[in-house]
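Okay, got some structures for you below.
Shared between the two complexes below is chain A, which has chain B as its partner in the first and chain C in the second.
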Partner chain A sequence: MAVRNAVIVGGNRIPFVKAGGKYAQASNVDMLTATIDGLVARFGLAGEKLDEVVAGAVLKHSRDFNLTREAVLGSALDPHTPACDLAQACATGLEAVTYLANKIRLGQADVGIAGGVDSASDAPIVVSEPLRRALLKANRARTLPDRLKAFASVRPADLAPVPPGVVEPRTGLSMGESQALTTAKWGISREAQDELSARSHQRLAAAWDAGFFDDLVTPYLGVTRDGILRPDTSVAALGKLRSVFGGADATMTAGNSTALSDGAAVVLIADEDEARRRNWPVLARVVDTQVAATDYVTGNEDLLLAGARAIPELLERNGLTLADFDAVEVHEAFASTVLATLAALEQDGHGTVDVDKLNVHGSSLAAGHPFAATGGRIVASLAKVLSEKGPGSRGLISVCAAGGQAVATILEAV
Partner chain B sequence: MSILEKIYTSPIGRTLAPKVGLNEPPKLRRGRTMPTGAVLLAELDGGGLARQVLEALGVETAEPLLDLPEHRTPDDRGRPQPPRYPTKAGAVVVDATGLREIAQLEGIRQVLRPLMRGLESSGRVIILASDASAVTGLEAKAVAQAIDGINRTVGKELRAGATANLVFVREGTTADDLTSTLLFLLQGRSAFVSGQTWRVGPAKAGDRPGGDYRSDRPFEGRVVVVTGAARGIGAAIARTFARDGAKVVALDVPAAGDALSKVANELRGTALQLDITSPEAGVRIAAHVAQVHGADAKIWAIVHNAGILRDRLLANLDEKSWAQVLEVNLAAEMRMNEALLDTTLPGGLGEQARIIGIASTSGVAGNKGQTNYAASKAGVMGLVWAEADELADRAVTVNAVAPGFIETDMTASIPFVQREVFRRTNSLQQGGQPVDVAETIAWLSDPASGGVNGQVVRVCGQNLVGA
Partner chain C sequence: MPQVLHFDELPSVAGMLAKQVTRVRLPRLGSAPAPRTLPDRRAVVTSHRQDPDRLARYDRVCGYTVRDEVPASWLNVLTFPLQTALMAQPDFGFGLAGLVHVSNTMTLHRPVSVTEQLWLSAWADNLGPHRRGATFDMHGEVRVGSEVVWSGTSTYLVNGAQAPAGTTARPVVEPGDDWPTVRSQTWRLPADLGRQYAAVSGDVNPIHLHPATARLFGFKRPIVHGMWTHARAVAALAGALPAAHTVRVRFAKPVLLPTKVGFAVEQTADGHRFAVVGSDDRPRVVGVVEPAQKG
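Our next item is the complex of A and B:
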């Protein structure tokens, strides 16, 4: 069977904001629905049945077991549009794009939407394990005394809500603490991190000013621009911040680490022939994807550097080198994640990435990082950048994720 | 809500208001609804065109009563009264196209006198007369203008939401050129248009509705672009066109994208987030139309509704507020038209098309604190007149509406007393609804309205300002 081309047609996101801010009252379903509706309006898809919508969230309420389908039903799409929830921590968005692109390439779908959403404001609060067991037992009990007895073993401390897991279950370290180990190991300087962060803000601000996001963003709840973005920040200003992760001589600050954020992003993907038949913009083809994982639990490898494993495999399979790319997007979980990933690639003989090609319109440090929404944001923006550069231009994406994983994807303008 | 407004809207306030002369305004008939009572046809000396138009529309007509001395009956105090209609009439169409002499104006008086108290609420007085350019001789030209005076006064004397309007007919106009206009005037769609006069002429070659045209869904399958469609009048325009079959492209600034996508999705149209002051706005619109509706698609109508206010007394007005208003309300429209009129541009305006501007009564009459706005809106009128002339050889019409006080977010911010005064200083004693402006625009854009060109029609309930 001939494999078809899956192409990025367009994208939409809502502006990202800091957790606990303007979207504090919005749920994942609300944000994903609004984001889909913005895309639907841009492409005139109201009332239309798409082949599939796939998305996910990292922080998910149990009531959101069918998050994406609920968003579809709340949107202007035909209710016959099926939906799928998918998860791979922060790589969820990029995996959703991969899932849909593969289905399209195999002829199982012609047109669909892929993306993700996350609310760190409306994160599910989980009850403690003893309380959970007591609740289950009480539920099964038939009489009132039995029901009360079920709680006998619960201690006062068990009643405190457990916030969502922001630590790696196997190392007990938070994302920031893990990255601090990596930062120290690779000798990434404070200056280099602040410089990357300042550049991210400046580039994202410039893109907003140039109208780059006019057809990529729909305002939400009165927010018209990314809330975390500080257009006037500088290396000097960032240099004044206190470090937050990694002890005494630490280099990582709130300025060069991503903030907890709320937001959603989606991409419209179609079979190339179908896109052309509909006269849609054919921004870029989804060429190939590789996922990889590191052995971080033993401490031999780094939690967020799986990109340095995924990228070489992907390049080799496609007969490409880093030099063959016109734009490279490395998700800025932390400034030092990007710098350490590039250092690892260079150490392994893959060369380096020119600053002019790296995160050309800024990335997560400036935009914010609602976990599952990041993939959709990057894919839509990169596809537009490549299409502006012209046919044949290539782009590489790498998004790291909790659990020592990462996904890398190649896009190419057609 | 101010204290005054609270009192006014409270039950006690409502019972007191009429005692101080603030009556509850009449509820207007709206939409594609015909009058309930009979449609009367008054064919005066030398007329005949109106009968053809009404026949083409399939409207049944009845004879009006005439106020002749022999028809009068004395009231209980013995004073002669004009004949009375047993049931109130819905509308009268006065065909005055044949009137050339001053003495013949008496015919209009005879028809209208019994109707001044004999029309149902939201009734209609519609007068057709020959345009001064279509008649010869001093007296005939003077008579044409005299009819305009009658119309404007009748509009002011009618009650209960009834309206009066005059259509001047140019040389060579046929019944086909007038059907869309007469249907608009008879129906509820013209609710807030009163005391107005405009001209209809023969449609240009190639400007006829196609074979698939239906007067109740005139825009079926046609692409209509509405700027400033995220809210207010623009959203109502988009809804009205969609109701009448159009494929709507709803355009607004990126910052309004949230509301815009809701309007677009509700209408199964598309949203285009674009600032119309961008130099490439015209080309971007065309590209969007070609992308969504296919490379061969053309725009049937563009409605330049986006507009802003930067009100300041001239004594306090700087160059920034001056330039912004002229840029958004006038310059952008001119640039977009120029780009979209290029027939080689995929997704541009069709060979046959409609361009609609939004002027304002402030542009007609001036308004304190609005030098910049009045300049821009009067400029829109100038643009419409000039562009209609310039496009004489192409089946494109260019018209504008000039809204008076319309109930929107924009006008809700005016202080209560001032707002109440604005609302009531017109013949219908109320503010208009966004849909009233929208319906008027839809009529001007109708494929059958090719004979209406270069006109500025006020939608103001016959506001005193600039009347």
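Our next item is the complex of A and C:
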């Protein structure tokens, strides 16, 4: 069977904002629905049945087991549009794009939407483990005395709610603490981190000013621009911030680490022939994807550097080198994640990435990082960048994720 | 020319309502109740900035998706303080407490964003006799600039009141009696739903709040706001709602809290017809949703 071309037609996201800010009252379903409807309006898809919508969220309530389908049902799409939730931590959005693109390439779908959403404001709070077990036991009990007995083992301290943890279950370290180990190991300087962060803000601000996001973003709840973006920040200003992760000679600050954020992003993907038949823009083809993981648990490798494993495999399979790309997007979980990933690639003999080609319109440090929404944001922006550069231009994406994983994807303008 | 009651910002309902509750008119023994009138007056707020946080809380209680385009019923909520302000005037014939909401019609003429500044107004007219007393209409209108973006009418019944001699109320176009009966949804309405809706809508009428306060008005338990049921039904239509639409509902019987109700809906030639049904299979609220007529 011939494999077809899956192409990025366009994208939509809502501006990303800091957690606890303007979207504090909005749920994942709300934000994903509004974001899908923005895309539906942009491409005139109201009332239309798409072949599939796939998205996910990292911080997810158990009631949202069918998050994406619920969003579809709340949207202007035909209710016959099926949907599926997918999860791979911060790489959820990019994996969603991969899932849908592969279905389109195999002829299982013609047109669909892929993306993700996350609210760090509306994160689930759970009860303590002893209380949870007691509640389940009481629920199974048939008599009142049995029901009461179920709570006998619950201590007062068990009644306190448990906020969502962003620590790795196996290391007990938060992302920032893990990355601090990586930063020290690879000798990434404070200055290099702040420089990358300042550049991210300046480039994102310039892209907003140039109207780059006019057909990629719809306002939400009165927010028209990314809320975390500081257009006037500088290396000097960032240099004044106190470090937050790491020990005595720590270099990681709130300025060179991503903030907890709220937002959603989706991408419209179609079979190339179908897109041309509908006179849709054909921005870029989804060429190939590679997932990789590191052995980080025992400290042999780094939690967020799986990109340095995924990228070489992907390049080799496609007969490409880093020099063959016109634009490279490395998700800025932390400034030092990007710098350490590039350092690891260089150490393995893959050369380096020119600053002019790296995160050309800024990335997560400036835009914010609503976990599962980041993939959709990057894919839509990069596809547009490549399309502007002209047919044949290539782009590389790498998004790291919890669990020591990363997803790398190649896009090519057609 | 109607007299204009001008407000810089939407007035608070709670205070006005408290005054009216203490002003409930008791019929004097041995004398027929005096006919009452409606003053020719408009309450107006010329520039209202919407609060996205409050909209989101309202959306959550009613089951709407939180989005920039506001629900039609949200605009009704925004005109409600003006309705209350009219009723709080000493020469207004009727107080809000004890009024029975009979029906509501509203039209969203075009999608309205939460970021738009609104001109809001309300006025009352169409007083006429009813077999159980008298009815009148409370109108609301929302404009952006000079463009009317939303208009709505609530018809209220005042039990036992007497309309001036010789008046007849213009009949209000209500949904018909052929409501759908096949329930596709069950809604569980908690005991505090009236308080939840009061908090986001500002309608703190005591019949909705607590068994004790509801009993003062002859209800064993609090009843949910009719406009909550209206909103929940429209929210259930979600993506099927036309961008500009008219919703007409009739409040057939009060919904006592807590309870479970069924929702039945069917497509019509150009829209939807729905019913919110109690466990006795009798409708509590029936309604139709159709695309707005271009006018």
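In this text, the second predicted complex is superposed on the first by the 414 of 414 C-alpha atoms of A that agree within 3 Å, B and C clash if a C-alpha of one lies under 4 Å from a C-alpha of the other, contacts with A are read in each partner's own complex, and residues count from 1 in each chain.
As a working rule, a contact is a pair of C-beta atoms (placed from the backbone, for glycine too) under 8 Å apart; a residue touches a chain by one contact, two chains touch by 3 or more.
The shown structure was predicted, so the numbers you read here are calculated from the model rather than taken from an experiment.
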Exercise. If you stack the two complexes on chain A, which partner ends up touching A:Leu73: first (chain B), second (chain C), both, or neither?
Worked result: second
For this session: Kindly classify A:Tyr220 by the partners it touches after superposition: chain B alone (first), chain C alone (second), both, or neither?
Result: both
Exercise. After superposition on the shared chain, which partner residues are touched by A:Phe43: those of chain B (first), chain C (second), both, or neither?
Worked result: first
Exercise. Does chain B (first) or chain C (second) touch A:Pro82, or do both, or does neither?
Worked result: neither
Exercise. A:Thr33 contacts which: chain B (first), chain C (second), both, neither?
Worked result: second
For this session: Using the touch definition from the top, say if A:Gly20 reaches chain B (first), chain C (second), both or neither.
Result: neither
Exercise. Between chain B (first) and chain C (second), which does A:Gly239 come into contact with in this model arrangement: first, second, both, or neither?
Worked result: neither
Problem set entry | Contact residues common to both interfaces of chain A (with chain B and with chain C) | 34, 37, 76, 218-222
Problem set entry | Contact footprint of chain C on chain A as seen in their complex | 22, 24-27, 29-31, 33-34, 37, 73-77, 79, 218-222
For this session: Under the touch definition given earlier, write down the residues of chain B that touch chain A in their complex.
Result: 250, 254-258, 260-262, 264-275, 278, 290-292, 294-295
Exercise. For the complex, which residues does chain A have touching chain B?
Worked result: 34, 37-38, 40-44, 46-47, 76, 211, 213-215, 217-222, 224, 279-281
For this session: Flag every residue of chain C that touches chain A in the complex, lowest number first.
Result: 52-53, 55-57, 59-60, 65-68, 114-115, 238-240
